[in-house]
Amino acid sequence: MSSATATAPNYELIPQDGLETNLLEVSMGPHHPSTHGVFRMDVKLDGETVVDLKPVFGYLHRNHEKLAENMSYLSSMPFTDRLDYFNSMTNNWAYALAAEKLVEIEIPERAEYLRVVMAELTRLVNHVSLVGFFANDLGALGTPLLYAFREREKILDLFEQASGARMMCNYLRFGGLRCDVPNGWLDRAQEVVDRFPFFLDEYEKLLCENEIILSRTQGVGCLSRELATSAGITGPMLRASGVNYDLRKVDAYGIYDRFNFRVPYGEVGDCYDRFMVRMLEMRESLEILKQALKDIPEGPIMGNAPRVFKPKPREVYGRIEGPKGELGFYIIADGTPKPYRYRVRPPSFVNLTVLRDMCLGQKVADTVVILGSIDIVLGEVDR
Amino acid sequence: MSGISHELVQQQFPEAEWDEVAGALIVAPEKAQEVAKWLLDHDTLTLDYCSNVTGVDYLERETKGKIINDAGEEETINKIEPGRIDVVYHLYSMRNKTGPLVLKQQTERDKAEVASLTPVWRSCELQEREIYDLFGVKFKGHPDLRRILMWDEFEGYPMRKDYIEPFDYEWEPTPHDEILEKHKKGKVFV
Amino acid sequence: MNLDLLKDILIATVPLLVIFPSLFAFTTWVERKALARIQNRRGPNRVGIPCTRISLFGLGQPAADGIKMIFKEDIVPRGADRFFHLLAPILALIPAMMVLCFLPLEFPFWNAQIKAMRAFALDSAIVFFFAVTGLGTLAVFMAGWASRNKYSLLGGMRAIAQMISYEIPLVLSAVIIVMLVGSLNAADIVREQRFIWFVFTPWGFTAFVIFFICALAETNRSPFDLPEAESEIVAGYFTEYSGFKFALFFLGEYIAIFAISGLAVTLFLGGGNGPGAGLHPWVPIAWFLAKVCILIALMIWLRGTLPRLRVDQLMSFAWKFLLPLSLLNILITGAALHLLAAVHLHGGGQLDALTDRKVDFNQIIEAGNPWVIGGLWVGSLLILYVAARGLDNLTRSKVRPREYKYAE
Amino acid sequence: MNILGGGIFSGMAVTLKNFVRSYFDKSRLTTNDYSWQPDGELPKSIGEYPREEGEQLSETTTITNYSRNFPMLLHDDGEPMDTVRCVACQICERECPPQCIYIEKSTEKKERDGGKPQFYPAKFDIDVSVCMSCQICVEVCPFDAIVMNSQFELSSPDRFGGLLLRREDLLKSNDYYHKIHPEEAEARDKRIADEKAAKEAKKKAAAEAAKKKAEAKARDEGEKKGGAE
């Protein structure tokens, strides 16, 4: 198992006719159209080939962990929305899961189902917009992105109707949900779920067999199984490298063991696999949604959560399969209403570990494609 | 998902301590890399996936402890627990789908230094850099130990419990009392 | 000063200077609108006639954009070469405008009975066209270099590599037409397509496809917009251009698109030929512009659909796919022409006495045996398709859609 | 065996289909469609808002019944400050994650309509440039005094004062709340009424129990007396 840091190929510049040659150092970012936020890659180029790459983080750092350590458990719930601002529902869930491990709370059935519904809708939102951005990085002038955003809007409408906000939902609570979904919401969700496959068909026709996309993504940014495991890559990116590890199956948190779904995985681990695994995962999410919307029971949505959340001294680590990978919350309670230590294990931050390894030797145009296929959100990377 | 028994590890490394409250195995920094390699290569454990790496800062504090004094009576005294920084590793096995095993390295606060586990698990690379950045823990054997989230010129370690932030040099100009007054006067530089 | 000459020049050039820039304005609107509709948006729909509430589907947008561009601040980066920074957009526009003169547009303003006016009745128009458009590359590199920006430099480098590579298959596919016609004069080529446009011959069709692909690359249109690849190198060579200089670049780019589409129409799509072309002198011009617009619509459609190629794939596509294919096409064209001539002569046909050539293509088509010609058509197409497939397999052998497995 | 460039052609077919269908099929448009919104006040397609220059939505327009923007203080019917529900307990100030609430408690208690004298907020400011609309204050409030407003046209030319909402700006009547969030307001009122009823029932029960006890005691005593006689 190799885990050593990849080194740049031993690069020698050959001076020609007495002319001095130099590598071109380009600082891609922080204001670059394709770095998905304020992220910087210091790239050294020989012509168009990437010789060295250094990711630079921290432009969006706000020390979320320190903030959370200075406020009550409940108060940092809305701040988790802002970590990965595409997937506020799953962020909420990860935090709620960790906090619920601290104190024993029984979560009502309906709340569990609604959590699954929201998480899978979030997964759809994330994957669909990621695929759109990915196509945009490949240079498809916004068309796939806008198709994706149209579908995303429909799901965001659902979130808005349920929680009052489109992106910063702040919907989950320790022991359940903040409020029940309004009347007719489930029918509307069913409608969205029923129509989504038609969109996916069209989308696959547009992208998946396009010769340009195939040649742009296949064989680009290959990530081996061994490196993926060692570098702690999680989520669709890990499964694209051929490791079957999905926390929904492994941990079966919530009530995921009740649903019948499959986990797609790739073999090569290049950008095409990462792209396709996400496309296929959307179909599986739809399967889960169909089952969940069918079985959802009536009942209360809030468990017997204490009004003042004051857990006994303990250490817990709660993790869920977020759309981008394993999102973990590590909380140390010390018996006060504030967490002593609050740590977020951000999937996209850890997934960036291998950015350099994947980009070395590729073309400069590939770096943005590889970065796009990693699926980062800077709110989460920098916290 | 099943947890991992710490006793197996303690058989191999008897000096490793088991902390019941935290549910963590405490290893000495000198031994850490050896333990990590053993955990990774072990036939049944195969902890090939290091999920989460983080630091925890404990300030020096007074605790009340009970001791048996010379006279054989129980006595409550004030103990001073020295401050320390823990570096916590959450280990899982992707192959066996088991975990977690929590590994901790402890170090004093003033000259914080532990062994880097990046040579064993690549996933520690950025997370250990983050701990170095925010807690000021040096990692021996880390290939690229630089600040990561804060800028290079930044002084201090913001995640430490006794960190005092400097005066708000980059505040959001919010309309409140003193700052509002300052803003009305013109641009303020601190 | 010869007043008549001045008049001639004005009559020949002023319509070009009116038609194409206004077509540019219209095209920007059409492009934005069409792309919007492809992407299921509405597109510009507010700007219409000023001071009224009439929005005219946003037709006023180009004018508003133009006014905005003129009044924007012109920012020149510190350390940039100011002179070349200024020169580049001008140099990008001038060659593009110049080659418009070689298009076979005959404006019937002046003495239409005697002679229709064309700006440049040059006998070697096609050669001249390629020579002058090549200058545009220089402007692009100049912009990339003078901006003193690394993205611009990368864009300029890409532009040079791309434009030089694609010039070769572009010219080689035009050679097919020259072989068929035997003349480099644009008017002759158009006249030769009275009965059948060259795009409807197998060689002409292949050449047209290659020509169109190369035209996309020459004019930096998607999927070959690498020199200005937004997602990779910000805006390529015009990263540092703003305001009116940017507008000039933009104008130059679109004029170049019109010019190269005009050339494609001339070479393959029969120029001004079409139903009713003989009725009125304006009809051929309308046909010509309509065909140009169809090609531009195709370009917009492609832009709305396709992602971008990578720079090495772009090169390998040009050198390993387009170049062999166009060479093969030339070979097949020559063989087919000889075969046709032999059959024609065998059947007792006559050689064209007027021109200095062995056979008149149209004559052969008219008089030839439909079975022979049909067989030739199908055979040539088949050979070309098989060759294209073979080349495709050679260049992208490993790139295929994949099957995925699922874990339960 | 697929044809050469087949993927590109199928992609082009998709875009052509979208191009044509976008003129006929409204659901294809990316523009947000709020046609499911029950009351007709909102433009059917919010994408075209504002259709006229200076068009303002009416004050009670909400995007959805659950939409939340910034908090407001509720008061019951009557003079706002006489019936304000807030008792300046400052829980929301403590719990507010971005700490945008500033409360000053009144020094003396004030008589309420039909209630005990209570403290009231002498100062209640919300800095909406900091507020992140998380609704934590609504949840922690034990008096149902603070709820979310859905007013979203708050832009102001005054950078400093304009975004600091004072107590007077925040006070809104319960009727207004019913207008903007009918379902939520109904549920809240019902809950308050239930709680009140339960409280009163409890009180009554306690009083009755006390009465019974007293009666029983009296009877006992009477019996005792009778026994003594």
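Structural remarks
Each chain carries a letter (A, B, C and D) given by its place in the written order, and its residues are counted from 1.
Heads up, the rule we're going with is that contacts are C-beta pairs under 8 Å (C-beta built on N, C-alpha and C of every residue); 3 or more make two chains touch, one makes a residue touch a chain.
Because the structure is predicted, anything quoted here is derived from the model rather than measured.
Using the average of C-alpha coordinates as each chain's centre, C ends up farthest from subunit B. Taking the mean of each chain's C-alpha atoms as its centre, the chain lying closest to the overall protein C-alpha centroid is A.
Of the two chain pairs considered here, C-D and A-D, the higher C-beta contact count falls to A-D. The distance from the centre of subunit B to the centre of subunit C, with each centre set as the mean of the Cα atoms, comes to 64 Å. One inter-chain figure worth recording: subunit C and subunit D are separated by 61 Å, centre to centre, where each centre is the mean of the chain's CA atoms.
For the pair subunit B and subunit D, the distance between C-alpha centroids works out to 42 Å.
Averaged C-alpha coordinates give centres for subunit A and subunit D that are 32 Å from one another. Within subunit C, residues 38-41, 304-306 each touch two or more of the remaining chains. The multi-chain contact residues of subunit D, meaning those touching 2 or more other chains, are 8, 11, 14-15, 18, 28-30. The touching residues of subunit C, counted against subunit A in their complex, run 35, 38-41, 150-151, 153-154, 157-158, 222-223, 225-226, 229-234, 303-313, 396, 398-402, 404-408. Contacts from subunit A toward subunit D in the complex involve residues 71-72, 74-79, 81, 143, 146-147, 149-150, 153, 157, 160-165, 168, 170, 178-179, 182-183, 188, 202, 205-214. Against subunit B, in their complex, subunit A makes its touches with residues 1, 3-5, 57-58, 61, 63, 65-66, 227, 229-234, 243, 245, 250-252, 313-315, 317, 319, 326, 328, 330, 332, 340-341, 343, 345, 349-350, 352-354, 382-383.
Looking at the complex, you find that subunit C touches subunit D at residues 34, 37-42, 301-302, 304-306, 385, 388-389, 392. Across the interface of their complex, subunit A is touched by residues 1, 21-24, 40, 48-52, 54, 56-57, 88, 90, 94, 97, 100, 102, 118-123, 125-127, 134, 143-144, 148-151, 158-159 of subunit B.
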